[in-house]
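Structure provided below as structure tokens; questions to follow.
Going in written order, the chains are labelled A, B, C and D, and every chain counts its residues from 1.
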Amino acid sequence: MPSLLVTILKRLGWASVVLVGLSILIFSLVRIIPGDPARLALGPTAPEEVVERYRERMHYNESLPVQYYFWLRDVLRGDFGLSTVTKRGVSQDLGEFMPATLELVIWAGIPPIFFALLLGVLGAMYKNRWPDYLIRFSSYIIIATPTFVWAVLFLLIFGYWLPILPSIGGRLSMGFTVPPVTGLMVLDALISGQPDAAWDAFAHLLLPSLALSLGHTMQEARLTRSYMLENGGKDYITMVTSQGVPRDVVNRKFLLRPSVIPTVSIMGLDIAAIFGNAFLVETIFNWPGMSRYAMNAILGKDINAVCGVVMVLGVIFIMTNLLVDVIVMILDPRMRQSRSK
Amino acid sequence: MDESWKETLKRSWLKYSESKITVLGLAIVAGFVFLALLGERIVPYPEHIGSFVDFANASGAPSGAHPFGTDLIGRDVLSRIVGSFRNTLLMGVIVLCISAPIGFMVGVIAGYNKGKPVDTVLMRLTDIFLAIPPLVLALAIASVLEPNMTNSMLAITVMWWPWYARLAYGVSSSLRTENYIIYAELTGVKLPHIIFREILPNCLSSMLTKMTLDMGYVIIMGATLSYAGLGEQAPKPALGSMISQGVKYMPEQWWLTVFPAIAIIVLVLGFNLFGDGISNMLGTDES
Amino acid sequence: MSDKILEIKHLKKYFALKNRLTVKAVDDVSLELGKGETLGLVGESGSGKSTIAYVLVGMYEATEGDILYKGEDLAKAGLYRTLKQKGEIQIVFQDPGSSLNPKRTIRKSLTVPLQVHDKGLSKPRMDARVGELLEAVGLPAEFADKYPRAMGGGERQLISVARALATHPSLVILDEPTSALDVSIQAKVISKLVALQKELMLSYLFITHDLSLMRNVADRVAILYLGRLCEQAPAADFFEKPLHPYTRMLLSSIPVATSEEEELKPAKILSTGEIPSPVNVPPGCAFHQRCKDMLPVCAAERPVMREVSPGHEVCCHLYNAN
Amino acid sequence: MRDIGEGGILLDIKGFSVSFDVYGKVSHVLDGITFRVRSGERVGLVGESGCGKTTTLKAVLRVLPKNAVIGGGNVLFDGRDVFGMAGPELDDMRRRGAGMIFQDPSSALNPVFSVKSQFLTALKYANPAGTSKTRLYEIAVDALDSVMLPDPHRIMDSFPYQLSGGMKQRVCIAMTIAAGRRLLLADEPGTSLDVTIQDQILRLINKLVSEKGLSVVMVSHSVGVIRESTDYVNIMYAGTVVESGATGDVFGNPMHPYTAALMSCVPKLTGRNIAHGIPGRVPDYMNPPAGCRFAPRCPRAKGACHERKPPHAEAAPGHYVSCYFASEAV
């Protein structure tokens, strides 16, 4: 499928433009912060000449575009500079905290899609009968509940009242050691041949990822249901029905695919929202991910760390969207054409 | 003329109330607006909305005098919850009333000039804003500035307008090939007429629908920022910060967490249902 | 030739596509339209008939060629023509669904041209004009405060006609004004258009795919195929002696309603093949691949327009022999 | 023209009524329509937009929209009531009995599936269970061949967006005839296409009908199309059949005022004849006239026309008209 490849390359080109734009945006944003970045980095007690030398070294005396140039040059080499809070390289910090967040987002973002589609299809098939009413009613309540409220409620219920699932205390129970390979705990545990550790890691993931995914899942379900119903009245469905194709085959084959395409195509945005919400959920469940690092960076006005976090999130977001586009292209042949018209 | 106006209203109500659950939404929204307007005039302990201390009654479980209990320094939780509604609603309205017009202008200019450099620049800019996870952007902005309600509104507005830009872009880029737009161009009409008289009326119903549907999400976002400590500051009450305070005393003083949480859920639920009703009402306008 | 209101000479309109391809939407078309006359411009999809309309009203600039309106060249003017010219050359679009803004009342739609072309008209005068325009197309004055959705397709098209009349036009381009309508409604619109033409001395460029309709309203008929003219003749002559093989295929393909008409159709020429994409116009005569009477020269050389009898021109190698 | 009335009755629609529930209001679209199709016969339904032509065709296959309510009457296919059929019987009728060619070929094919995938799924159920995939593929290719599509293998691998309107229409026809159905329900065939392409499609349908001995119900708003390709015609107005008879009789001697008015509105090649249309508008289906639905627009309407629906009576041999004044010259 050469056209698919061309489209991917084109998207990558645009993605880099967006990333450059994002970097300018975030770079200017953090430089607007009132206060002297060098002084902030070295603390109030550092002697002035040390601060001045630091300024010199970090190019803080240059104009903003020049500073941006030096910063971007380093970023392209994978160097986000030093964190003023942890006093370590931002890249190193990211490497340490990112996998935990990533694992959480993956679990919250991907498996629930299947539930969403299932619920959407069920709702459409049993339109205005009890399964549909049940799904719709619960979706209203679930969507209305903010993610952090879910997290707090889960903590209250499963952490204190009904402690059947681990709710505080990171990614793994005491007593397990899993050598890091991918940084994704469940996977690493399986790789190292410890199914019980994998199960334990999964149990730790369950509550936070559920809190993150519930709202999105129900929203995707609603979307799927409404597209199923809308497409159900289309001529191409009437046509196969009129030719005697059994109803379940019509639904499963000819109605499902066009109806899930719109749901799938907004998944990229859902993933972005999940990333954002992960910040709070991680704090609530004491999850050793990016959140505390990023929160500290934001509150401590740690310029390099903030830029690093946002840029990495931007890259992940763009990659996710690219992936989603590819999936949509596979599902919908029309998208494989170049979108010239 | 008057008669047809009544007819329209009646038909709109029929469409709105087609699904009974949206009527419940309207009732919830009306109730919250009512409570928000009255605020301190209706709560049992108006002075508890501010910085009031009554250690004698601190950390009291729900009781007849304090149905939702009292907080760590003895303030009535019910009064504080009701006292927070006005700012919560105001925030939603202000954020949407600023971000929708901005988004509309960006989207309509890009969409009307589809395929030209203006389009590319504006829509890529929109993409950049969308590329940052919304909460992260809001957190970054809110933390760079002083943490207070105005700045959290600003942060949410900055991340919200791109959605309206996308909406207006979609509508206007398809409208620009409509014959009545082409006719207006051919006959020598000026651009503002095309944007505000021809395109805007066609965007209005979808914008309004989205605005009502978004109320709930803006409220969620505001509560989330406030939970993170970046919204309304003490001693003023905000649902998010009340929950984040309550979490620390969690299983024992559950009422500090549970009641504000329920308040958010019901509030957002009300607006979501209301939005669905508005969408039913404005959606199938044709034929 | 002073009674000619419009002369199109060797008009070309090319569109560049992204992948370096060119669509030759209109490729060397020459037409003339006399004052008070109706010229029927007939073609199937991809024939470029609408492109010609859009160039005439200024939506596009011509790639090459001249468009003389009352002696003034508009080919390169695009939208930068004078306000007077904009008012005098008006258009009625095909789709009654998109001609009027669904969110604005008829009054508002009709005042759009008035605000531009009759600047400073007072509110009561404006309302009076709207009333006059509605009356001119035979619609009741109450329609002014209705929305398009409250009206049928025929009524919407009549409103579009009224809007075109607002600027006192002399040339009206009718871009398939009735092709989306049922015949009983089409008849209403067409009879109104014909009456208005007599009353206001309008010249019509009538773009359509419906030859039967042209038999009844056009003074002259021109046939387009893939951006090129095939044949052009006075209506009576055209329907009696169609010459171009494409014209004959077209005429013989029309399903007719009565047996008298059946006798007027040329001997059945079975329609074959698909209409090629205008991106890929065949070399030589654009029609040669579908033509039964193809000569060897047809694939190689593009035929030129030739007058075979007074006013009857045809662009075909078959008629080049003498 | 072929003989009429020889074969058995394949489709018999008797006093069939359908209404639609629209936001709690009832739109009475089909009002007791009656007509029959004998096997081997080509029957036309002519009427203007919204008169219920497509609804009639969909009713035959029982694929009416969900908000449709059957008001009365029967649709008999091969003597069996379509709306009384049990599942397997209905499936059998749809798979091997009757098939519909939809008006808009672009919306009738699923945009995200290849022609092959749609075609073979439909064929799988229309053929005996266990027919091999290769066999089904052959059947499909043969059908594409018989609708004169060049390079059927390439067509099979194409997606709808890669085909022109005429090709899509042919694919739809191929899908309908491939399973050996006996009745074709053609909804405005070729209307959305160019005249020369429409001509090809109509010729193709006529050829298939005569070669395979199929019956066809052809729906069109175009008097010309119906006159040229049917043996028997029903004129529909606002959900009722107002006139029916042999095609030549009806168009040669229209007896219902609506038919006459419609005929006069059609622009003709004989030229210089500009009609003024039919006064008034199509009735509001939510609140249709109590008597003849054409009465409010009819120049001949008198008291009875407004009160009672006129019967569909034989006004001349084999020529039925729903009008109290059918015998008066139009």
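Quick notes on this structure:
Rule of thumb we're sticking to: a contact is a pair of C-beta atoms (placed from the backbone, for glycine too) under 8 Å apart; a residue touches a chain by one contact, two chains touch by 3 or more.
Because the structure is predicted, anything quoted here is derived from the model rather than measured.
Between chain C and chain D, the least number of touch steps comes to 1.
Between A-D and B-D, more C-beta contact pairs are found at A-D. Inter-chain spacing, taken between the CA centroids of chain B and chain D, is 51 Å. If each chain is reduced to the centroid of its CA atoms, chain A and chain C end up 55 Å from each other. Taking the mean of the C-alpha atoms as each chain's centre, chain A and chain B sit 23 Å apart.
Listing the residues of chain D that touch chain C in their complex gives 48-49, 164, 166-167, 194-200, 202-203, 221-225, 227-229, 251-252, 261-278, 281. Interface residues of chain B facing chain A in the complex, by the touch rule stated above, are 21, 124-125, 127-136, 138-141, 143-144, 216, 220, 223-224, 227-228, 240, 243, 247, 250-251, 254, 257-258, 261, 264-269, 272-273.
Partner chain D is touched in their complex by these residues of chain A: 233-246, 249, 253-254, 257-258, 261, 331-334, 337. Contact residues of chain D toward chain A in the complex are 58, 61, 63, 65-66, 91-95, 99-100, 102, 104, 107-114, 118, 121-122, 125-126, 159, 161, 172, 175-176, 179. Considering their complex, residues 44-45, 152, 154, 182-188, 190-191, 194, 209-213, 215-217, 235-236, 239, 249-250, 253-261, 264-265, 270-272, 274-275 of chain C touch chain D.
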